[in-house]
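Structures are listed in the sections that come next.
Both complexes shown next keep chain A, but they swap its partner, so chain B is in the first and chain C is in the second.
Presenting the complex of A and B:
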């Protein structure tokens, strides 16, 4: 691959790393617990690097996207349960993203929220109809780089770097009452889920098939998942750290998505605010398209339909109908009036429940030498893969009780 | 449904029931406290011309909407914090200082409810 292509691929991964759930949870976690949850972001990022790399490698070598594996490795019954659960999770996530985009547009233009939700959905549908796959991903990913203003804003407010570095060490804050300790556990699980959203793997591996990856693309895969996701995680940490610095002392635990943009307005004024809102617009918009296409990919792969944006719509009619229907369904959810922040909270809980079933078949195939030959998981990938699988399984078991006890982190 | 599944559903229902009855007021006060503080921060930035007028106006409307639903919950539980919310909502364009004072009052309500 040409260096320019590789560079663009990495930048796209950086710009597309943050979505509405991360914006919400990073800001709330930072304002409530200071820097104490940074280690969870780092740990989750290593997790998404491990499974992202694995899914890209499996797509390049075995030519198998995630939901093909699901049916073959989990069997029809369990595969179907996973498909339904992930479809619901992705649909809620897509609705949260569309709602988030509508709110940002409302803050930029002053136009009514329902109108902006409709306009955003139509724009996304037009994007997917008109742009080739690579440019859908690239356009939103690169424009999402406006989000870098959050990194610059953190530097500009001169945060206590030593304390931020202290957040890299796994810890349970001392002296917290039980209620706050339970909330801390909930935020740890929510951050893990928000960073390791399963739709990212569905989309990434399906994208590798769309782009016809082969053995020669394994280096790109490794660099995109490590460097791209790693730099994206720095952006997420900047959101958390700025929230700890600016929101926590002011008693703010963002209930309004638009408040997050103030992190850039404090040091840079109106220009910072506009850059932040534009970054949020494209980063969340890209995620809306990814979640929608992830659902269409999942159904197409599970039921053996012809799928992919490389096909003309008439060549893959069920796939085309599905992604249009997912956008329409998500818009209907948004128009019922549920707050995007609330949708994002439901989305992370739904996603963590699906994670173990998503990654188990991937782990099994990536370690299978019959399919993967010399590119099967080595000892490091095996240890990391099974270690993270155990972690997300524990998180999945704990997620729902923690969500209910803390009322979605509100208590 | 197996015994384990029934046990799980019962435990979750119990958890949900407990949290909704005891903590609705606290959840509403916490939400109202944050929203008011967010609104105050916006007004403070607006006074220094660091945000656009459109942004300021929209945050104001969004905050009022959120406070309306939180105020409703607090009125149902006869919590005095409802009066603070009503007072902010009644003011067409409260200043940053007035909002910060209201946020402080709501913070005290939050601490009072947490202590119970």
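Presenting the complex of A and C:
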């Protein structure tokens, strides 16, 4: 691959890393617990690097996307359960992203929220219908780089770097009452889920097949997942740290998209606010398309249809109808009036429940020498893979009780 | 792997992607039909493709739901049509000739004609 292509691929991964759930949870976690949850962001980023790399490698060598594997490895019953659960989780996430984009558009234009939700959905449909896969990824990923203003904003407010570095150490804050400790556990699980959203793996591996990756693309895969996701995580940490510095001491809980954008407005004024909103618009918009396509990919792969944006719409008609229907369904959810932030919270809990079932077949196939030959998981990938699998399984078991006990972190 | 060799049907064939001779994805092996007599050799007769192929694999109430959502059509692909088996099952003929592309054809009628794509 040409260096420019590689560079653009990495930038796209950075710009596409943050979505509405991360915006919300990073800012709320920073505001409430200071820098104490940064280690969770780092840990979960290593997790998404491990499974992202694995899914790209499996797509390049075994030519198997995630849902083909899932059905073959888990069987029809468990595969169907995973398909239905992930479909619901992705649909809620897609609705949250559309709602998030509508809120940003409302802030930028002053137009009514439902109208902006409709306009955003139509724009997304037109984008997916008209643009080739690579351009969909690139356009939203690269324009999402406006989000880098949050990184610059953090530097500009002169945060306590030593305390931020202290957040890299796994910890349970001392002296917190029990209810805050339970809320801390809930935010830890929510951040893990928000960073390791399963749709990212479905989209990434399907994209690798769309781009016809082969053995020669393994280097690109490794760099995109490590450097791209790593830099994306720095942006997420900047959001958390900035919220800790600006909102925490003032007792503000950033529950609105506009409040999150204020993080860039404090040091840079109107220009910062505008850049933050534009970055959010494209980053969240890209995530809306990714979640929608992830659902169409999942169904297409599970049932063996012809799928992908490398085909003309009429060449993969069931796939095309599915992504149109997912956008339409998500818009209906948004128009019911449920807050996008609330949807993001539901999405994060639903996603963590699906994570173990998504990653188990991937781990099994990536370690299978029959399919992966010399590129099967080595000792490091095995230890990391099974270690993270254990972690997400524990998180999945804890997620629902924590969500209910804390009323979605409100306790 | 050749279809005439020894096969692990459940782990090696069932739930695999089916690709026809033109490289078109045309379904998943939803179940396998066997033939034989007590005491005699057991042979694979056909691959079953379509929601009707779930009948012996899902509880009754699940199947009722599947029937409601997707119907219970099933297409039988004669085993002689299987050319090779790897991470996919490759067929010797076009899927349309074997009745595998009806779902895509129905969906295609619902789409506006477009010059977009690629």
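To be clear about the criterion, the second predicted complex is superposed on the first by the 411 of 411 C-alpha atoms of A that agree within 3 Å, B and C clash if a C-alpha of one lies under 4 Å from a C-alpha of the other, contacts with A are read in each partner's own complex, and residues count from 1 in each chain.
Basically, a residue touches a chain if its C-beta (ideal position, glycine included) is under 8 Å from a C-beta of that chain, and two chains touch if they have at least 3 such contacts.
Because the structure is predicted, anything quoted here is derived from the model rather than measured.
J.: Clash or fit: how do chain B and chain C relate after the overlay on chain A?
T.: Aligned on chain A, chain C fits beside chain B.
J.: Which partner does A:367 reach: the first (chain B), the second (chain C), both, or neither?
T.: In the superposed model, A:367 contacts neither chain B nor chain C.
J.: Have a look at where A:273 lands relative to chain B and chain C in the superposition and call it first, second, both or neither.
T.: first
J.: With both complexes superposed on chain A, which partner does A:106 reach: first (chain B), second (chain C), both or neither?
T.: Touch partner of A:106: chain B, not chain C.
J.: How many degrees apart are chain B and chain C as seen from chain A, counting from C-alpha centres and rounding to the nearest 10?
T.: In the superposed model, the angle at chain A is 130 degrees.
J.: Check whether A:304 is in contact with chain B, with chain C, with both or with neither, and answer first, second, both or neither.
T.: Touch status of A:304: second partner only.
J.: Which of the two partners, first being chain B and second being chain C, lies in contact with A:248: first, second, both, or neither?
T.: A:248 contacts neither chain B nor chain C.
J.: Figure out whether A:71 sits in contact with chain B (first) or chain C (second), or with both, or with neither.
T.: A:71 contacts chain C only, not chain B.
J.: Now for A:401: first (chain B), second (chain C), both, or neither, which partner does it touch?
T.: Once the two structures are laid over each other on A, A:401 reaches chain B alone.
J.: Which partner does A:179 contact after superposing on A: first (chain B), second (chain C), both, neither?
T.: A:179: touches chain B, not chain C.
J.: Look across chain B and chain C in the superposition and give the shortest C-alpha distance you find, in Å.
T.: So the smallest C-alpha to C-alpha spacing between these two chains is 13 Å.
J.: Jot down the residues of chain A that show up as touching in both complexes, chain B in one and chain C in the other.
T.: No residue of chain A touches both chain B and chain C.
J.: So in the complex, the part of chain B that touches chain A is made up of which residues?
T.: These residues of chain B touch chain A: 11-12, 15-16, 19-20, 23, 26-27, 30-31, 33-35, 37-38, 40-42, 45, 49-52, 54-55, 57-59, 62-63, 66, 103, 107, 114.
J.: Going by the contact rule at the top, pick out the chain A residues touching chain B in the complex.
T.: Residue positions touching the partner: 103, 106-110, 179, 250-256, 258-259, 261-262, 265-266, 269-270, 273-274, 277, 400-401, 404-407, 410-411.
J.: Quick check on the complex: what are the chain A residues that touch chain C?
T.: 62-64, 68, 71-72, 75-77, 79-80, 129-130, 132, 300-307, 309-318, 320-321, 371
J.: What residues of chain C sit close enough to touch chain A in their complex?
T.: Per the stated touch rule, the residues are 15-18, 24-28, 30, 49, 54, 57-58, 62, 87, 103-104, 107-108, 110-111, 113-114, 116-118.
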